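Multiple structures follow.
You will see two complexes here that share chain A, one where it goes with chain B and one where it goes with chain C.
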Partner chain A sequence: MTMISPDQRPQGAERRLEKGSETPTAKRSRRVWGRPDLYTSYRQDMAMLNTRPKQLGVLAIVVVAALLPFVTSDDLLKILGTGLVLSIGAIGLNILVGYAGQVSLGHAFFVGVGAYAASALAGDPEGRYLGFGVDIVPVWILGGGIAAAVAGALVAPIATRLRGLYLAIVTLGLVVIGGYIFTEWRDLSGGAQVGRDAPQPVFLGSELTIDGAYTQEQKLYWLFLVVLVISAVLARNIARSRVGRALAAVRDRDVAAGVMGVELGRYKLIAFVLSSFFAGVCGLLLFVANGVFGPERFTLLLSVQFIAMVLIGGVATVSGSIMGAMLIALLPRISAELPSFLPFITSAANEHPNIFEVEIAIYGSLIVIFLLFEPRGLFGIWVRIRTYWKSFPFSY
Partner chain B sequence: MTSAVEAPVGGAHAASREPVLKVEDVQLKFGQVTAIDGVSFDVLPDELFAVIGPNGAGKTSIFNVISGVYRPQKGRLTLDGKRLDGARPAAIARRGVARTFQNIELFANLTVIDNLMLGRHQHIRYGTLAAMAWLGRARKQELLHRRAVEEIVDFLGLAAWRAMPVGLLPYGVQKRVELGRALAMEPRLLLLDEPVAGMNLEETEDMARFISDIRGELGVSMIMVEHDMGLVMDLADRVMVLDFGVPVTTGTPAEVQRDPRVVAAYLGGDLDTVPDAPSADATPSEIAAEAEQVQP
Partner chain C sequence: MTGFLTAVSGGLGQGAIYVLLALGFVIIYKSMKVVSFAQPAFMMAGAILVSYLTPRFGFAGAVIVGVIGIGLVALAVERVAIRPMVGKAVFVIAIITIGVDIVVRVVAGAFVGTDPLLVGDPWGLETVSIGDVQVQQRHIAALIAMIVVVVALMLFFRLSSTGLAMRAAALDQEAAMAQGVSVGAVFALSWALAGGLAALAGVFAAAGNPIDQTFWVVALAALPVIIVGGLDSLGGAVVAGLLVGVVESLVRAYHSDLFPNLATNTGTLAPYVLMMVVLLVRPHGLFGTKEVERV
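Moving on, here comes the complex of A and B:
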């Protein structure tokens, strides 16, 4: 992790370095044997996973995640799949709230726009609801994302006028307006309490929503995992780029950002567009994961859930967004397991206290506990563990 | 302090050249309160132009007008012969105006390197989609500009802190990072708002060296607002004195020191009732000492 400039490098390391890298301007300098953490080029320093443990760790997580469907029951896999999808939305919200510092309660609206745009694109032109019959999966996934991004671009100008709490309230209005449109536009959404069918993903001739050699849950889980990995990589790239720095500058000091040459309006627009794009993709996959989805799902509660994922996971981190989303997605399952440990909790909905009440209570307490004790979220806890083991056995 | 800095070089022979910045009769009002009025000056190439005056004299307001944060009600600003007033801050930054702030305005959660890279924001050329893909162009640009930023790190001796979030750095270092961020913009004109405010003697001397190095090696025109009279008198080619938003006088440090109106401005008196105006050979530190007694 340590970055040492050439003029500061200790003698021994200098000699070894010269052996390691013949040309200082070489595109990829070789690592010095036994000193894996010494960077010899800016390229290494700027890499997304800039240490060997990070590379191996992420590889291990992705491999385990990819193999999970072989050892996990289908109902748990469905929950995990939903978690993967929610992660995409959480990453999107984190770009807007965490990186760019624009508090938005309107995330559910963009999630809904993505969901309905994609199902309209993929829908049967002869069917009961609006449909254009596009059956190429990447096209309607991108289409849903782009539709949400356009909605984001239309909303963004508000953010150039308002900030903080005021922006949060205005975006809250967006959810209300969206809820009305989704419920009343029956051609698109199927109407309240009814809902339309989700688009059917067909990939390489295999219907992902029909059990074949692999079950529906397994196939969908893999689809979601692939989209999440792509989303996470894109988001990390944005975060470390010129755009990510400009977003952080707008968040930290907007006056100074302007004086540095960062166009405030432009970058707030970019933040909204990127965030809504991820929200849209999340929405349409959420639709696919659930099969049927009524318009009453895209409400303030969903927005608040996304805010909770970002806060619990870790503000302005991609990995934190994923951790937060997975935790929120697993929460119903965790509370469903509770009656076997705590006999006074019942799983019957008409008795109290039941698991549904407990779930909401856990959910609220998590937000309070994290804001009070670990504002950096799960990511902060992870950083603390990492730092502890880095200096083990020395506690300071 | 005095011995640390060489005599100014830019002023004498710069007089014949076209000014970099021309400020003509600028007025700025907030409602009925006049912040600055009738301010005119120009800054020549390589010149270090200082603006001094008691607290609330409108020094920082001049900076905010030049960098586009405030729009003046009256007057004209031209940079290299082209109008500057009315443009947005980001557009003015692209024209080559960089500044530091009186109360540090760094991006506290970002590392030193990222703060300096933000200074280069306008020079780094790739779009959002290229950023998402992080292939060819984006990566090449980032590497190229990282190299440029590292030169500034070396120039200002920031190597030890480069990967630290600036919010965790000591005050003196933060001031230096802010100077670095302004330099990373490769400015034509650099506005320094109290670069040594709150610094101890060593830090002040370091900063004075950096400022004279910037002029010597990079040839950037500078406007400096500063309360440290010793620093101003040693470094500046010309000094403008402001009082209640109105220019009192403009001239070389020696001329300004002798001007009784300047002393009146600092002591807060009427010129006629100033009991003993300083003699012509009063040292800057004497004037500064007197001035400090009046200021809170």
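Moving on, here comes the complex of A and C:
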């Protein structure tokens, strides 16, 4: 990475001036062939995709992901779609835990708030449960996200008073209290073991949950992919902006950050609000495919799953969050295959050890193994591979 | 009044269980500055182990063997999963303990089986009358066990040289090492103690009811307890444990009078609400040491 001294950094009027005086020649001179790491301007260094291979690679991944539904079976597509949705939530938790360093076990609560807010917004006003009949997809997606963000803003004042493990335990309490409210508010949630209907996405006149020219899984997959790409770009932009740098300063040493003029309370609030917003969007999309969801989904287990995604994927990376979420989403499928290899594991829910317990145990052990041996997660493994080929044939 | 006293007696019994669990949390916190989220799993594993051992050793023997057994399991977990991480960020170690918790819980849960699993205690749901109040024997037993454990721990920390070493390591690890204290041994011992205490708590929590897969949830209420008492205060753990137990029991008993509109009992919620209230007033708990921040 090219270091740049602060006085070289264009600021204020100078910055605007530079923007205006940008000429095509100046643009072209920035990239030198064969020197992908040579940056000729600060903006280039801070760009979202700062090297050509990164640009091409991301483009290729997005194209492959968009074309995947044509070649993949629907049941696998459903799992991948869940992975895409979980990625949004994992990105949100990563903003809070990874970038801002605030350990939260309360993510499941915000996921639940988003899910219920969107269900209520989109729900049938004449139906059995609370509903306002706003069935425009972008409206209830934003509405659910904003509702969760408001919940985050309400919790943040308590959270900003606390640090480290105190915060972790309090947010755990939030999940318990939230779970109680969800269960008890039957007009909204339908109550324990019953549940309510998730929002039904109708987009440009076509119902996404009904098979048409494309199957339900394909259409939902594309919807999830679009929302994920928007979320990922948003999160990446937050991370490389002033807010992102302030959050990183709070994470690395909050007192030092405060001394430097970062308003701790304000930025912790921002971190909570952003993280909850992503959690809410994740929550409202999570049950679209299934149609019905109950309040027992938003327990500590879900929070721990999100923590696992962030840690297995890679702390403070957007791509890592997506990798981690994909792995966690695929785990049920992997553990479902296990009984054929390990006969002592059953697939019956009333016998032990069954595949559901094994799945939980797998991500428990994955957390421990990754933290012990690869603290940077899947992203760290990728960085190692990249560095190996970058410096090939030298080992350093 | 009788109803009130019955609720208080039940709360004290439940509180004694929380105290046993919370002491484990605090002992680990004092030695490593880490909250171990693995305590619920050790509690569940302890209760299950004892219920398997009771037919062979009798109840008292099974409790002793079970407590030692889970202590050894905790020792092994510390050695394998926690020791390599010493010096890393506290949050990372805490998350590792969550991972450990999940794994231990699933492994222990595999032994629950379909038949109701009883810990084999002699008390069941029997009661004795003190005045007009019907007090459950298991609550009295839990309270007595808790008092014995607290006194024993106090004597251990005050009088034995190992206890002194643990106190020294809690105060200042480097200074303790310079004086010849093996800090590694202190870590190991504190995990073993916490594991044993969790197993003992599990026995009393399981008394009277069969153990099921959600048994570990009881131990989650010990987290509000250590926050209310203060993470680094053994005395605080005792006071807060009993306080939380009594408050929970009272709310549970008077739920239908207090909140007639709510169908689900608010008792389970009480510890967490109490925790939030205490934290708003005192961010370091009732007896916790205020952290001094330096850049």
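Just so it is clear, the second predicted complex is superposed on the first by the 343 of 396 C-alpha atoms of A that agree within 3 Å, B and C clash if a C-alpha of one lies under 4 Å from a C-alpha of the other, contacts with A are read in each partner's own complex, and residues count from 1 in each chain.
Operating definition for what follows: contacts are C-beta pairs under 8 Å (C-beta built on N, C-alpha and C of every residue); 3 or more make two chains touch, one makes a residue touch a chain.
Everything numeric here is computed off the predicted structure, so don't read it as measured data.
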Next item on the list: Kindly classify A:Gly244 by the partners it touches after superposition: chain B alone (first), chain C alone (second), both, or neither?
Entry: first
Margin query: After the superposition on A, what does A:Pro339 contact: first (chain B), second (chain C), both or neither?
Written below: neither
Check: Who does A:Leu234 touch here: chain B (first), chain C (second), both, or neither?
Finding: first
Check: Thinking of the overlay built on chain A, is A:Val255 touched by chain B (first), by chain C (second), by both, or by neither?
Finding: both
Notebook entry, point to check: Now for A:Gly294: first (chain B), second (chain C), both, or neither, which partner does it touch?
Noted result: neither
Notebook entry, point to check: Does chain A have more residues touched by chain B or by chain C?
Noted result: C
Next item on the list: Please work out whether A:Leu274 is in contact with chain B alone, chain C alone, both, or neither, and reply first, second, both or neither.
Entry: first
Next item on the list: Please work out whether A:Leu264 is in contact with chain B alone, chain C alone, both, or neither, and reply first, second, both or neither.
Entry: first
Checklist line | Common ground on chain A, meaning residues reached by chain C in one complex and by chain B in the other | finding: 253, 255-256, 259
Check: What part of chain B is in contact with chain A in the complex they form?
Finding: 67-69, 88-90, 92-94, 98-99, 101, 105-110, 114, 117-119, 121-122, 124, 126, 128, 131-134, 138-139, 141-143, 146-147, 150, 153-154, 159-160, 162-163, 181, 185
Next item on the list: Write out the stretch or stretches of chain A touching chain C in their complex.
Entry: 101, 103, 158, 161-166, 168-170, 172-173, 176-177, 180, 183-184, 192, 253, 255-256, 259, 300, 304, 307-308, 311, 350-353, 357-358, 360-361, 363-368, 371-372, 375
Note to self: For a test of understanding, state which residues of chain C touch chain A in their complex under the given definition.
What the structure shows: 34-35, 81, 84-85, 88, 90-92, 94-96, 98-103, 106-107, 109-114, 220, 223-224, 226-227, 231, 262-264, 266, 268-269, 272-273, 275-276, 279-280, 283-284, 291, 293-295
Item checked: chain A - residues contacting chain B, complex -> 3, 5, 7-8, 42-43, 46, 48, 234, 237-238, 240-246, 248-249, 251-253, 255-264, 270, 274, 316
